[in-house]
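For reference, chains read A, B, C, D and E in written order, and residue numbers begin at 1 within each chain.
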């Protein structure tokens, strides 16, 4: 973790990362709720929203679209990933070199580590190479820190998530992306374990506006520095609205009720 | 995927790839229907047909023949491949380096990925190296995207093929070569998932003229950008006729009936 | 082992290494007894204590804090380590290259070897690369020599610990860090087997002041050249007191009773 | 396969390779029939016979003797090989780099591929590196193409040998060395599958003069471009005689009866 | 094998290698019979004895002591080795690079190959790299050729030892170090199989003066070029005496009786 190494993908120390690596990790099924989102251009357009501090995509998508958006979007190069056709112990192929990511203009790299997997040692060493190469190119480093594999029954327990953020700090990430550990208190503890590294909550599968914003707000309240979100934005009918609402919660200290005014979900009547 | 990276192996955005890697993948048995096709020279001659936008061969064949054909044929260097003597989990040896392919004058590289194989992660990382080296040499990239291995019962289901084309886009291919998913609608969905990357249908084992052309036409109708074909050309008695017919279907928007006029198969009488 | 190669992390030939790699090796649970110690800054502050000859931390923590402490703290870059989420045969990922450690100003490297693990051969070869790279940068080399794995029932037996220190000498460490083998005599034998290489005792889990200092004193008496300690310092309410006491025992030839005067534990009344 | 790349180890397009890698592959047992042949010097002397177009040996033997014979013998550097103490799935260690072979003056490289072995993919990739390095040094490439391993019940069936020669062509060998497939017709088919690459028959274990020469003659008749022979030469009492006879059969279109006149085996009386 | 490549570690074509890698291979237990021998300095002093043509040690010991002895001792850098804590299939970690050995002034490298182990292929390839690097630095190459592993019931049978010396020659060693095959005749056959490469007998576990010298004398009589000895020298009360005796047997063609006069063991009375 190097202070300010992530400044190209944060704003006032906070991050709203739009993640769009579902085409590789989950496949076309994630585009079914809103079929037009299979078109990367629509997501690049969303990434120009003021709220979005970085867009996380894979190499092929970046090659095709980023040259047209490099003035308006900060690129978080998601280096590794594997299809869910993979039946083996959790693992992730390194699909993109740091050097080529830098050449394409990436501002930061993203890298998954499955702590606890039988592939943890190998993945950690791949992360080492990527992290140190990123330093040579002055790029920030985001770790998708997802404990997973044999022996991990509940990978969102407070202790597991706190360990996950700590691994981010110890191994050299500037930002650790983790799942929500279930409560603001647990998120606070996870954030504390990351020390000076930032922590962003992973958006997860789609929830309704209120439930989603309440989780985000409680994470921020707990000390998270932001959100990495994919399906909860692009699977919605009006993704711009939810980005407006997220901007309010994350960057403007708005309450969930205030934020909901940006959406078509009615705020709870004051009575 | 880089726009126009494949222009040396396409014509008006469409591709007819003559594939001739059967000597390694299947062995001499594929030459039995038409024994003279064991001679690579005959296939190189076919590749000079106007319809053919690229010829896909292995290193040893390219070394021997390409120097005599480099003015008339675009070379698609098929980098990996494995004999069917192999009894292990689906895998493919990288038999040819990108650097040497470039030295021999290749216009593009071809690379097989068996998504879902226990070797998927390793193959994806080999693809990464090849893809990025191809970019340095301004060569296009074609992925033979063939999900295969444990857990994949039907590797031509619409969902699998759509995932296969998407992997092509995400991982940096300019063209994804996939099996026909059974219907024009499924092919259309697969093409849509590839976004700006092109999709070519794999020709598969030999069918009669009409059946073959109808499948090709329906794939094109569905949005495929062309065809990669081997046995359905070189196993025929008159491969030039079928190339004429394919040219009509792929590049000239001809109907199957019109295309059949190029062949010895009688078109259906108009009654 | 090169004479004086460790001089930047020793004082008068003795060492008191403050180890703080628990965040990766054990996770947040080690910070629970004294939650503020999750903050690396507190431990860096402790490392400025005169008694401390080096601070052992991982890459990410060094990146964040060492630039502010490089005048006052000697950095022992702990290159490898693995979370305890790992369920496989004992192994340790190399998370930090020697080159990058040198760039950050490290004075020495630390490296774990699990002799007897099924990963011993691979770890020894990784150690080779790190050790030789350290020589190029004039950095000292400390081996965490921890026999562990199948076939090792008691990894602190005198014979095992003597073998562990000898491996340190044979493979090129300047200092071998080993567990206490149970008696001053066994420690003396272990120190003798290390020849000119130094031996430091590993502090282990927290003990009360007297018991801890007596073990340290008996190790020093047995010929150990010092101590590597983490939890027995930072998990205490007053870590400075125990550092004062350790300084007395290790560097000033004080008795345990004399040393205990630095702590809140009453020395035994003279009667 | 590059035309003329093998010219340093062929004569008029034909090859008689004296193979002497038995010391590694089989061990001293192969020298028992004629104990003096354990001395490499005797075999180097045989290799100066006009009939011999190349001598295939391992690195250590080449280091010791080739400097004295480089004017009179063409060196075929057999790069890989493994002792028969090996009990694992068929595999072959790469014992010699192409660069060092070139430095010692080698004219060509020899490389074993066990198609169908669980190590086929790895061996093919090692072959790739060796083949491409050989091209940089303008050395010819000979593949010992020996399908072997799980699933291959009869590794000399016509189909297997035809596949073996084809793999030689496809992967970039100039000459494929294969076992005799049982008939001139099968050898003809195997030669046809190699296209412009040459095919040499592997001599195998010792047979009597007539039987051996008849097999060689039928292989040549079938289209083989020559022979790679070890035991059938050096295990004989008079190896020069059999080389004379082989020269007649391979290069001078002599009949077996004519060739036998070079040996002590009486030709069949004309009656 | 390159003629004279071993001249820095031989004398008149013969070798007496003092081996001192027991600290890694066997651990402290080998120093128990003569505890002072745990101190490498004592063994370096022994190595200055005129009889000793080279001292074989590991990297760490060489780093610490060789700079003080480089005028008087020839250094044989034992590159690989593994502790006997290792429970896996026979294997040996490469603990020392050739480049660093050269930098420390080594005259030759030593490398173990376990022919027949499941790790034979990997070890042979590691040997290749080390052997070729040694050539670049004009260093001799000694192979500890020790068939071992599954399928090898008796690793000192005449056939196994003859195969072991042959592997030394074939793979590029200048000297093969093997166990005594039980008789002078078997040693003669093993020496013959090594061709121009030298063969030294491995000293093995400690025997009494007469028995040990008789074995050495019979090996020399059988054609061995010398001895590599550790425990039979340094575990004795008076190691200088036995070195005097060995010098007589190996270099001065003395009988065992004559040699015994150098020791405290009475020679057999002449009656």
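In the analysis below, a residue touches a chain if its C-beta (ideal position, glycine included) is under 8 Å from a C-beta of that chain, and two chains touch if they have at least 3 such contacts.
Predicted model, so just to flag it, every value in this text is computed and none were measured.
K.L.:
Note down the smallest number of touching-chain steps it takes to go from chain B to chain D.
P.N.:
The least step count works out to 1.
K.L.:
When the Cα trace of chain C is superposed on that of chain D, what is the rotation angle, expressed as a multiple of 5 degrees?
P.N.:
145
K.L.:
Which whole number of Å gives the spacing of the CA centres of chain D and chain E?
P.N.:
36
K.L.:
Just the number, please: Cα centre separation of chain B and chain E in whole Å.
P.N.:
Between these chains, centre-to-centre, one finds 59 Å.
K.L.:
Would you pick out the residues of chain D that each touch at least 2 other chains?
P.N.:
Correct list: empty.
K.L.:
Name the chains in ring order, counting from chain A in the direction that reaches chain B next.
P.N.:
One full turn from chain A through chain B gives A, B, D, E, C.
K.L.:
Which residues of chain A touch chain B once you look at their complex with the stated criterion?
P.N.:
21, 23-24, 27-29, 31, 38-40, 58-61, 63-64, 81-83, 85-88, 91-97, 100
K.L.:
Would you tell me which residues of chain E are touching chain D in their complex?
P.N.:
The contact residues of chain E facing chain D are 1-3, 115-116, 118, 120-122, 124-125, 127-128, 131-132, 135, 147, 149-152, 159-160, 162-163, 166-173, 189, 192-193, 195-197.
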